[in-house]
Amino acid sequence: MTVWTKIYVLEEPKLEKPILIQGLPGLGFVGKLTVTYLIDELGLKPFARLYSTHLTLLDGSTGIQINSNGTFFLPKFEFYAYNQKKPNIIFLTGDTQPTIYGQYEVAEHVLDFVQKYGCEKIIAVGGFQTPFERELGKVYGVFNKPHLGEELKSLGVSITRSGAITGACGIILGLGDQRNLESVGLLGATKGEYPDMEAAREVLKVVTKILGLEINLEKLNREIIEMKRRLESLHRIQTEAIGQITREFRRGPSPFYV
Amino acid sequence: MTVWTKIYVLEEPKLEKPILIQGLPGLGFVGKLTVTYLIDELGLKPFARLYSTHLTLLDGSTGIQINSNGTFFLPKFEFYAYNQKKPNIIFLTGDTQPTIYGQYEVAEHVLDFVQKYGCEKIIAVGGFQTPFERELGKVYGVFNKPHLGEELKSLGVSITRSGAITGACGIILGLGDQRNLESVGLLGATKGEYPDMEAAREVLKVVTKILGLEINLEKLNREIIEMKRRLESLHRIQTEAIGQITREFRRGPSPFYV
Amino acid sequence: MTVWTKIYVLEEPKLEKPILIQGLPGLGFVGKLTVTYLIDELGLKPFARLYSTHLTLLDGSTGIQINSNGTFFLPKFEFYAYNQKKPNIIFLTGDTQPTIYGQYEVAEHVLDFVQKYGCEKIIAVGGFQTPFERELGKVYGVFNKPHLGEELKSLGVSITRSGAITGACGIILGLGDQRNLESVGLLGATKGEYPDMEAAREVLKVVTKILGLEINLEKLNREIIEMKRRLESLHRIQTEAIGQITREFRRGPSPFYV
Amino acid sequence: MTVWTKIYVLEEPKLEKPILIQGLPGLGFVGKLTVTYLIDELGLKPFARLYSTHLTLLDGSTGIQINSNGTFFLPKFEFYAYNQKKPNIIFLTGDTQPTIYGQYEVAEHVLDFVQKYGCEKIIAVGGFQTPFERELGKVYGVFNKPHLGEELKSLGVSITRSGAITGACGIILGLGDQRNLESVGLLGATKGEYPDMEAAREVLKVVTKILGLEINLEKLNREIIEMKRRLESLHRIQTEAIGQITREFRRGPSPFYV
């Protein structure tokens, strides 16, 4: 019982050789933002949920997250099915990444699950951290079969030629390759300092071309402007909160307790 | 054999659909204080003990704790049964929390165990850390079914609308919900700096209403005053001890050894 | 295969209800020094060896230790049998302690093993760290049955009345008690700064009385004097080595490489 | 499924009582450099690959490494067979070491695997860190049978008489000895600051004598000179890169985002 990974199917989808698109929280939240935007634009509901003792909260502690209505949930992955057009797609996103010791186990459960629906190709999307302004806006790619590399180049993707892809994005590709699935990684260059919707937009442009999806990016463009507003506003709130805590502390604790 | 969790039943209780009330050491010791007070007031003895390789001493090391008579014990959880009135209750408290990697395993053993007695509802109590004086005295709640939320509001509980509940308190709720048990979390606001009996008193007022228990809080009120005395006294002892160690060190080690 | 603990029996001993005496590296090396001295004085050879993936080198890394003749060995525990007098004894000592996650597993293998020979009583010896000069020379005790407490008191042992015993010494007692074996802990007060033979000597005095062994402490007394000499010498060597390294570094690396 | 180690055989070799030569990344990369040079000089291709949840990237994170053509791979060990002369040899090298918790499991898989081909002798090569210039150029040895010690001495190897060998190099020797295989460790003295080809050259001289291989060291000598050039060049690149990042940061982020 010690460690486990469980997938609950809410509703069996009809899928034919679906492509898996995985985007989880990571550098600049590029992967999660990309997949979440696609799910929202296509109006999809989750058809399965994955829970695991290897999924912790984002800060690494075990526990539950609280919803705005007072209910709560264990950290989870969610699967969404799209079967309106060819290729069919399974989208995978989630609240968190597995712990370093659970990455292999969780990725293997994911692959076992999507292969039951006939999956033969996986695309993992994420962020690529760079300190260089000139690299922002670029999408970097890795792949495991020569024809995938040609496809990426024809879409304007920069082929990555060194380094490593860590975390869930790297492991699903490594295990996908081991199972001989077509495996493509798409990484949006990001400074990684905040949820980077501009990096996600560039990845979205590539992903939608590969999948033959027509997705309106207007909402994303508006959200990028909105995000910039929110970041400014967050700055203000933080500044105020720090001021308030400082004032509380200045008042000091009640004389009895400390 | 590597990892295990064992429950020893000392005496089989007669229980009908008991509610589980769990309160373990955590923020401000609110959970443990709450449940321990109820156990003491109801005059209950443990009917079962849980041991696990995942239970460490409070400082995270493995070992035994020593009693004031020179005997000792491994870190453990204890279960107490109350069947004098409806609803029947199983109280759960303990010396420690499981390690971060054992939280799921231990919580599953606990749920397996109480479900054998017909448990369909769990209440996890704990502390909610806040730096704000104005929040002290409040009890925050989370829940997994709408009617439980209504009940909490009617009892003056503030519904939590963001954030996370970490540790054993969060995991038992997450897994309880996964098993479709009614699951309620009650968190007393606390600065978390010392065993916070005043936060526990506020949680006690809510818990006893939910359970229909009549518990005299006079003893707790006296203990709160006594606790404040002890904290002052602890301050004095620490100050003296530091003085004494300082004096020993000033004398210096014997010339031979160092 | 991931984790394992194996015991190799070199030669089956004849033992009748032996008492287990465990002394492993720990605070001031009191436990290991005590048991090693008894083994040497009784002229015993190991009859069994325990290896485990949970035994690391003393610095926590995995690897092998090198002997003075160029051979090597994995970290291990060794069992020694004494059957010349009643009570029969199994001595257990070793190169290291299990990792924090392996303490339970290794202790259970030890108890399974000695119970096969009819063991009904265990004595774990170790050190008790104190900054106070006045406590040095004392032996502290814990126990799990009232008559053992009486015996300890009659031998001048101070009963411990609070705190914890961490590590292998604590876990063997906790699990021994869980198996209803007579379980006694004997802790020599030590500053814990170096292998403390004087603390070991005090523990030896108590252990030999419990076991009815006549052990000559003269050699130990000489070794204590010798140890003090060696500590002084070690100081000198360290000082010289630091001087030499400093001189090497002052010379600097060859200009090419750095 | 949680943890696993898998060996994929690409092509079954014909081997008679092969000697295993293991050299993995470690201190000064001496082990990996030594084995890689032999593989290159003998023109061998891998006949088997080992993957494991215990193999991480060199920085300890899980993920994949990227090749210069945009493809990628999970961290792995590779086995190479040499059967042109007696003794037959299995060379083992890899991208990384197992995590501290996986060292035993991976080494046992390696030994199970090579013993299937009749392996009765293992040689583990690695580095030995020293701050002393005068020790550079020496090869230190450990062994588990007296006749191996004699052989090492006759080859000018210095017998190690204290200390420890940590990591994969130590564990394969410890477990090899436990399986009663002839087990020899050869450690090239190195400052450990960079891939130390000069230390590898000294180890190569000993290994080739033991194996009766005639290996031309000219290429290595040229590579040592080349390496020194590259180290200088790396210095320059780093200095330039730091300068460039400094300039980028001096320009500052776009006013909106931070």
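Odds and ends about this structure:
When the chains are written out, they are named A, B, C and D in that same order, and each has its own residue count from 1.
Definition applied: contacts are C-beta pairs under 8 Å (C-beta built on N, C-alpha and C of every residue); 3 or more make two chains touch, one makes a residue touch a chain.
Values in this document were obtained by computation on a predicted structure and should not be read as measured data.
Note on connectivity: the fewest chain-to-chain touch steps from chain B to chain D number 2.
With centres computed as the average of Cα coordinates, no chain lies farther from chain D than B.
Under half of the residue numbers found at the chain A and chain B interface occur in both copies, marking it as a different-residue contact. To overlay chain A on chain D by their CA atoms, one rotates by 90 degrees, a value rounded to a multiple of 5. If you average the Cα atoms of chain C and of chain D, the two centres end up 36 Å apart.
Rounded to whole angstrom, the centroid-to-centroid distance between chain A and chain C, based on C-alpha atoms, equals 51 Å.
Residue positions 3 of chain D are each in touch with at least two other chains. Viewed as a network of touching protein chains, the structure reduces to one closed ring of chains, two contacts apiece. Note for the complex: chain D touches chain A at residues 1-4, 51, 53, 56-57, 60-74, 245, 248-249, 251, 253, 256-258. Residue ranges on chain A touching chain D, taken from their complex, read 3, 100-105, 108-109, 131-133, 141-144, 149, 152, 159-167, 169-171, 173-175, 177-178, 185, 191, 193-194, 228, 231.
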